[in-house]
Structures are given as C-alpha cells and as structure tokens.
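You will see chain A twice below: alongside chain B first, and alongside chain C after that.
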Partner chain A sequence: MKEANEKIRKGLEVLGSGEDSKLLSHLNACVRCGLCAKSCIYYLSMKDEKLIPASKVDIVASVYRRYFTFTGRQLPGLVKARDLDDKTVTEMVDLLFGSCTVCGRCVKHCSIGVDIEYVVRKGREMLSVMGYVPSTLQSTVRSALNTGNNMAISHGDFVDTLEWMEEELQDEVDDPEARIPMDEKGKKVMYTLNPREPKFFPISISAMAKVFYAAGESWTLSTRMYDVTNYAYFSCHPDEAAVISRRMYDEVNTLEAGMLVLAECGHGVRSNRWESPNYIKKQFGFEVLSSVELMAKYIREGRIRTDRGALKEKVTLHDPCNLVRGGGIFKDQRYILKQCAEDFVEMTPYGTDNFCCGGGGGQLAMSEYNERRMRIAEIKAEQIRKSGAKVVAAPCHNCIDQLSQINFTYKLNVKVKTLAEIVADSLII
Partner chain B sequence: MAWYNWFGIFSLAICLAVCLYHVIRLIKLGMPVEYSGRSGSPVSGIVYSFTSAMNPSVKESASLNLPVYIAGIVYHLGTFIAGILFMTVIAGLSPSGYHLLFFAFFLFISALSGTGILIKRLTDKKLLYISLPDDYISNVLVTFFQASGGVFLLLPGSEPVFMISAGLMMLYLPVGKLRHAIYFFAARFHLGFFYGWRNVWPLHKQKVDERSK
Partner chain C sequence: MPTIEIEGNKFEFDGDGFLTTPAIWNEEVAGLIARYDGIEELTDQHWAIINIIRRNYEEKGMAPMIRHICKETGLKLRQIYELFPLGPARGACRVAGLPKPDGCV
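Here is the complex of A and B:
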C-alpha cells in the first residue's frame, strides 16, 4: 500500500511539478472536438475511437483534473476526472506506449493547438517514474545505460567492425591511407552511429566514411560513446535520458572535438540536438549537426561532388517525424537527393504532413505491439506504392528497419537506403 | 438597475476574477527554459501559430471537416457578438437601429451552428466516446446565451432571460472547458515558440528546386 502510494505520488509529481506554464496550457486547452482523429495513423488504420489523439490527451488530462482542479476534486463525474489507479495505469500504458508513435502529426492539425505529442510524453514520463515502461523498451534503455549502446555491442566487436569497414573503405576508394579514425583527440568532427549500423548494416559506416574521406574532413568516432540513440527519450525517464545525454556531451569534450555530428537517426538527432541540453540543463559549447545537414553543406560548398545521374531509378523520400516535424530539417534531404538522383518524387503527403512509418516512439523496441505496428504501417506502404518509386530514401536507421519490414510484409519490392549510401554511391572522387 | 442586471454584473465579476487568476498563474509559471541552440525564430513561430497555421489549407482538422470548421467559426463569432450585446446592456445602453436585425439573424444562425455541433457530439461515435458531461453543458449554455441574445434584440422584454443565460454561462466558464477561451491562446503561444525555436514554423515552402544552387 505504501509502495503504491509512493508510485502515485511520483506520477502526480510529473503533472504538478509547476516547472512552467507549458504543460498546464496544453492540459487545459483540448475542447474534445475530435477533429484530430483523421490525422493519426492509429485511428486511420483501426477506426477505433479510443485511438484518436484526443483520447490520449484526455487520459493524462483526466488525472490532472482529478488531483489539480477544483471541478475535478469536487465534481469528478462532471469532467470525468480519473483516479491514478491500476485501471487508469493499464489504459495509459496501452494508449501512450502501445498506441502512439509520438510522431506529432496530430499536433499541427489540432484545431486548438494542443501539443498532443508533448502531453503523451508527459504521460509516458508519469508511467516511467512509476515503473510502468513496457519491459522490452526498458531493457533497451537498460542496455544503453549498462553497456554504452542500446544493442550491448562489446567494445571488441565494435572495434573489429570498424577495422573491417576501414579495409572496405580502402578498397572502395583505392587508397590504403583512407581511415576510420577511432578515439582521436582534437578532430573537428566527432561522428556517431546508430548501433544498428555496426550490428546489421556496417556498410552504412563505410558509406559515411567515404563521404568524410571525399570531403577531406577531420573526424573521429568514439569507441566508448558512439550510440546516437537515446531510448530514454522514448521511455521518457528524465534522469535516465540525462545520463545518456551527459555521456555524449562528456565524450565530445573528452575528445576535444569541435562538432558533434549525428548519424541518420530521427530520434537520435532530435534527442541530441534538441532535448539533451534540456535533460542536462546545459548549453552545449559545441555545434551539433545532423549528417544530413553536413552532407548538404559539403555539396553546397563544393567539398564533395556528386553525379546527378548516379541513381537512375525513381526515388522517393520518407521524412522521419523527429527530423522534420520535431527538428525543422526539411530542405537538406531533398537537396541531397536532387544532387544524386535523376528522378525524385515526393510521397503524398510529405514534409511536416508526412505519415510516420509506424516504427517511431520506441515501437520497434516494443515487440508486444508488433502486430499493431505493422497494421498502421499500411498507410506508409500505400504512400510508397502510389509514388511509383523503386528506391525509398530514409535518413533514419529506425525508419529503415521499419520500412524494410513494410517492404517485405506489403510486398513493395523497393530498395530502402540511407542518404549516406546514396551520396557515397554518387561521389565523384 | 434590475436584479437580473446585477446578476449579470456579479457573474461577470466572478468570471473575470477567476480568469485573471488563471492568467496570472500562467504568467507566473512562465516559459520553459530552453538550453538547446536556437535555429529558427520563436517570434515568427508565434506569429505564424496565430495566423497562417490556422489556415484550412495547412490544417487537416479544418480542410477535412470544412462544414464543422465553418460552423465552429460562426459559433465563436456568435459568442463574441452576444458578449458585446451583454456588455452594451450592463453599460446601460439600449441597442437600437435596423442593423440589430442583422445581428439577431446572425445570433440565430450561430445558435443553430451550436445546436448542430451538439447533435454531432450526440450522434458521432468517436465524439460520444471522448465527450464529458462538461462538453454538453458548455454547449447548451453558450447556445442558449446566443439564442436568447437574438431574441432579446427582437423582443427587448426578454432581457431578463438573456441576462440570466449570460450570467450562468459566465459562472460556468472558469470551471469547465469554456476555459479554453484562455488556454487556447496559451497553447498556441507555446506551440509557436516551440516550433519557431526549432525552425519548423513558419512552414518551409514545401517545394524545393535547388538543382541550380
């Protein structure tokens, strides 16, 4: 009983912390017009009214009303104010972790301007501090906390992979001096990776290394802290997210790098570029850039040259939610593709209106929701099919994973590529 | 001054006092401290949030639900007109002139829009699912406020009904969802700041032809 009360106290503390007016504003603003329904992949795919974004807002807001408003305390029935009991917690887990990719698409379209995604993340934070994160997601966070990367790749295996990729690079550019530098101090760029790369797609490491080689960049990888992801951003545990953020911050400083460059990973870019400074409550004293921005910069500045006809097949672009809606990177990926591909077509819709692939919000890590994840992916499958493209470019390894599964499940017969791969294949060296 | 006018003034005072409390609380809590390096303009984001971001061409909630969106706008305009009428009465002015017919007509139309929205709430499966008793009460109070305002413009003798409906609505405003009269602005402000800071808003032109650059 005492433990249960303590959990409730912790959960409510998230709602009542009174840090600023943002949460209060968004919790009180929804008018339950329901017009956000058609913006959400979950509702569109399953047509279940409990999945509309307003329901996700309201389950958090109903707890807020119960404990923090006069009406909710005195007349809970009038405003359906809910106790933070087991039933509410179970529903919250299912709605906020299992039925939302935190893609933010509904936010732009909300008739009022409720930051639905922010409220969902606050709800996740409540569950997280209470200890109710789905175990699969929590074990991914734990791997990162315990081993320094979310896939628990050992230091030896990682170094072996890098050495292997360095040989590949040397063959590719026909230069025995070409290198993948490790733990070198004082370089201009400290580059990061999504652990999926060393584990499953090492070729994308050599692709980016080839781009750095062509640009003559002064760069290094850290073998201690290279993981661009931060799954605590999805579990929304602020302390755990801060530990991971601080490690990256410290490593850039230890290696005395001038700039942190983030691999193609939507949430990795968002968490490191935008959220990490807030997690650790510190302004970074170095520049933080996504590799997409950096590659576009190289091309614009003439540091690398690409063959505009290198990619002959029709290519379309998947916009990762965290890069575009959550990070304002919209033009660079298009610019890059137009420098490498003959025939680039947009999906419909695209940009800030693009639909999530279904793998965001930690869904790829939460196998208990796999069936749902592949069901909501039908929307993305249709977008790709209608584009008529043979290649889908996606500047995010998580999206690449989901898109590859979509490709298989919905028999799209397309190739799924990162931008670094496309640029590397188009380089004129 | 008649008792129903006093009731109106009393309700207005309570409503304003509680609303002021909400506003002061928001101001006191302030903005979140942002440690990330800014890449856009929060000011432009906020301006965009209150202007172009509301345009149906960039907002599916409007473009995919145009009749409801228009009904909503008419309904809100009706509330403003009825509110001005209420202020006119407590200021001791008696509205007159032919244009009153226009306003009365508009108030009936807006009350009709409100009724339509209520019917939709009662019949649409997803709206029924998310609705709270508060939503129905708020709608009924506002719709009645508008309709009684329209009647009052045509039949001045119905002033007590109008003033009582206005008073009831104002007493209810700070405790239920009508509070969005305040929180709408706060939410849009935060959203504009957030997206502006990250250079998401104002929306980039969604056409990029940079082959020549």
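Here is the complex of A and C:
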C-alpha cells in the first residue's frame, strides 16, 4: 500500500509541481470538440472514439481535476474526475504509449492550438516516473543507459565495423587514403549514428563517409558516444533523457569538435538539438546540424557535386514527424532529392501535414502494440502506392525500418533509402 | 501473446512475431517461420547465417553484428538482404528464433 501511494505521489508530482503553467493552460483549454479526430492515424484506422487525440488529453486532465481542483476533490463524479488507480493507469498506458506515435499532427489541426503532443508526453512522464513504461521500450532505454548505445554494441565490435566500412569506402572511391576517422580531436564535425547502422545496416555509414570524403570535410566519429538516439525522449523520463543527452554534449566537448552533426534520425535530431539543452539545462557552445542540412549545404556551396540524373526511378519522400513537423527541416531534403533524382514526386499530404509512418513515438520498439502499428501503417502504404514511386527516401532510420515492414506487409515493391545513400550514389568525384 | 499456426503447428510469438520461448526453436520451426515470411526453401546460405546467429545468441545472449555474419559466411552485405528480405533483424534473427533486438528494428 505504501509503495502504491508513493507511486501515485510521484505521478501526481509531474502534474502538480505548480511550475508548469503551459501544461495547466493546455489541459484546461481543450474543449473536446473532436476536430482532431481526423488528424490521427489511430482514429482514422480504427474509428474508435477512445482514440481521438482529445480523449488522450482528457484522461490526463481528469486525473488533474481529481487531485488539484476543489470540485474534483470534493465531488469527483460531477466533473468526471478520475483516481490515479490501477484502472486509470492501465488505460493511460494503452492510450498514451500504445495508441499514439506522438506525431503531433493533431496539434497542427487543433483550432485553438492545444499542444496535445505535450500533454501526451506529460502523461507518459507520469507513467514513466511511476514505473509503467512498456517493458520493451524500457529495455531499449536501459541498454543505452548501461552500455552507451541502445543496441548494447561492444566497443570492439563497433570499431571492427567502422574499419570494415572504411575498407568499403576505399574500394568505392578507389583511394587507399580515404578514411573513417575515430576519436580524433579538434575536428570540425563530430558525426553520429543510429546503432542499427553498425549492427545491421552499415551501408549508410560508408555512404555518409563518402559524402564527407567528397566534401573534404574535417570530421570524426566518437567510438564512445556515437548513438544519436535518445529513447528516454519516448519514455519521457526526464532524468534518464538528461543522462543520455549529457553524454553527447560532453563527448562533443571532449573531442573539441566545432559542430555536432546528427544522423538521419527524426527523434535523434529533435531530442539532441531542441530538447537536450532543456534536459541538461545548458546552452550548447557548439553548432548542431542534421546531416540532411549539412548535405544540402555542401551541394549549395559547391563542396560536392551530384549527377541530377543519377536516380532514374521515380522517387517519393517520407517526412519524419520529428524532423519536419517537430524539427522545422522541410526544404533541404527536397532540394537534395532534386539534385540527385530525375523524377521526384510528393506524397499527399506531405511536409508538416504528412502522416506518420506508424513507427514513431517509440512504437517500433514496443512489440506489445505491433499489430496496431501495422494496422495504422495502411495509411502510409496507400500514400506510397498512390505516389507511383519505386523508391521511398526517408531521412530517419526508425521510419526506414517501419517503411521496410510496410513495403513487405502491403506488397508495395519499392526500395527504401536514406538520403545519404542517394547522395553517395549520385556523387561526381 | 498471439499464437500463430503454421502448417498445423502452433507457436507463441511476441507482438512482433519473434518466438516467445527461444528454447522451443528447432530447424523445423526455422523452416516454418521462413515460409511464413515468403522464403520457400532455406538454402545452405540461409543456414550459414542462421547458424552463426544461433551460436552468437547462445554464447553472448544477443544477435551478432552484421560484420560478424559477413565475415564468417563470406557473403556480401547485399546477399544477406537478398536472402532475408525483412533484413538481418526482423528476417534472419526471427527465423533463427531469437527474441526481438532492442532499438530501431
């Protein structure tokens, strides 16, 4: 009992610390008009009212009313206030972790600008400090906390893989001096990776190395802290997110790099660039760019040259939510594709109105909700099918995994590629 | 936990289609999962990959690096993706009966 009460106290502290006026405004502002329903891939796919984004706000708001308003405390039934009991917690986990990719599309469509995504994230934070993060997601966070990367790759295995990719690069550019520098101090760029690259899909490592080679960039990878992801951004545990963020910040400083360049990873870009200074309560003394922005800059400044006809097949672009809607990077990926591909076509809708692939918000890691994840993915499958494209470019490794599963499940017969791979194949060296 | 019936045999999988109890894995199970994924026949090359994944899992409790798979089998990266269209994680590791790896896979 005592333990249960302690959990509830911790959860409520997230709501009631009294410092978060934004949260209170947005909890109170939602009038549950339901306009957000048609924004949400879960509602659109399953047509269940519980899944409307406003319902997700409501469950958090109902707990707030129960403990922090006079009427809610005295007459909870009157204002539909809910105890933070097992039933509510189970429902919260299912709605906030299991039925939301935190894509933020509903926020864009809300007529009064309620930051539904923010409320969902606060709800997740409550569950997180109470210890109710779905076990598969927490296991990924734990791997990162314990080993420095979310796939528990050993230092030796990582170095071995980079050496292998360096050989591939040397073959590719026919230059035995071409390198993938490791832990070198004082370079202009410290680059990062999503651990799934070294573990299972290393082509994008040598591809980006080829781009750096062509640009004559001064760069390095860290072998200690290279993981661009921060899964605690999905589990919404502020202390764990801060530990991971601080490691990246410290490593840039240790290597005395001028710029942190984030690999093609939607949440990795958003968490490292926009959330990290808040997590660690420190302003960065170095520049932070996504590799998408950097590649566009190279082309614009003439540091690399690409063959505009290199990619002949029709290509479309998937907009990762955290990079585009949540990260403000919209033009550069389009500019890059137009410099490498003959036939680029947008999906409908696209840009900040694009649909999530279904794998965001940590969904890809949570086996518990796999069936739903593939069901909501039908929207993306149809978007791709209707585009008529044979190649789908996606500047996010998480989206790429989901898109590859969509490709298989919905028999789209397309190729899914990172931008670095497309640029590397188009380079004129 | 969904139970999937493959050719009359029932198997418990996690939501992602990875075996819930890796211990029940055997060669026949591998063949059944592979067919479910559209791989009609497991060739020697498939088996070379599966055996390395199994060995690594039994020794270290996790899937091997793709580097390790390529080195041991002498196969090119491209061949691995061709042999297992769902990739080394959701394809090969699943057929090899491993639990789902953490991270963006």
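Everything that follows uses one rule, which is that the second predicted complex is superposed on the first by the 428 of 429 C-alpha atoms of A that agree within 3 Å, B and C clash if a C-alpha of one lies under 4 Å from a C-alpha of the other, contacts with A are read in each partner's own complex, and residues count from 1 in each chain.
Heads up, the rule we're going with is that a residue touches a chain if its C-beta (ideal position, glycine included) is under 8 Å from a C-beta of that chain, and two chains touch if they have at least 3 such contacts.
Quick caveat: nothing in here was measured; it's all calculated off a predicted structure.
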Practice task
Report for A:C33: first if it touches chain B alone, second if chain C alone, otherwise both or neither.
Solution key: first
Exercise for the section: Figure out whether A:M259 sits in contact with chain B (first) or chain C (second), or with both, or with neither. Expected result: neither
Exercise for the section: Tell me which partner A:I153 touches in the superposition: chain B (first), chain C (second), both or neither. Expected result: second
Practice task
Go through the superposed model and pick first if A:K281 touches only chain B, second if only chain C, both, or neither.
Solution key: first
Practice task
Please indicate which partner A:V243 is in contact with in the superposed arrangement: first for chain B, second for chain C, both, or neither.
Solution key: neither
Practice task
Please write out, lowest number first, the residues of chain A touched by both chain B and chain C across the two complexes.
Solution key: none
Completion exercise
Given the complex, residues on chain B that touch chain A span 25-27, 29-37, 39-40, 49, 53, 58-62, 64-65, 68-69, 72, 124-135, 137, 175-177, 179-180, 182-184, 186-191, 194-195, 198-200, 203-204, 206, 208-211, 213
Fill in the blank from the handout: Counting only contacts in the complex, chain A reaches chain C at residues 136, 139-140, 143, 150-153, 157, 160-161, 164, 194-196, 198-203, 229, 265, 364-371, 397-398, 401, 404-405, 408
Completion exercise
Within the complex, chain B is touched by chain A residues 18-22, 24-26, 28-39, 43, 49-50, 52, 54-55, 58, 70-71, 77-80, 107-115, 118, 273-278, 280-284, 287-288, 300, 308, 324-328, 330-331, 334-335, 338-339, 350-353
Problem - Residue numbers on chain C that touch chain A, as the complex places them - result: 2, 14-18, 62-63, 65-68, 70, 77, 85-90, 100-105
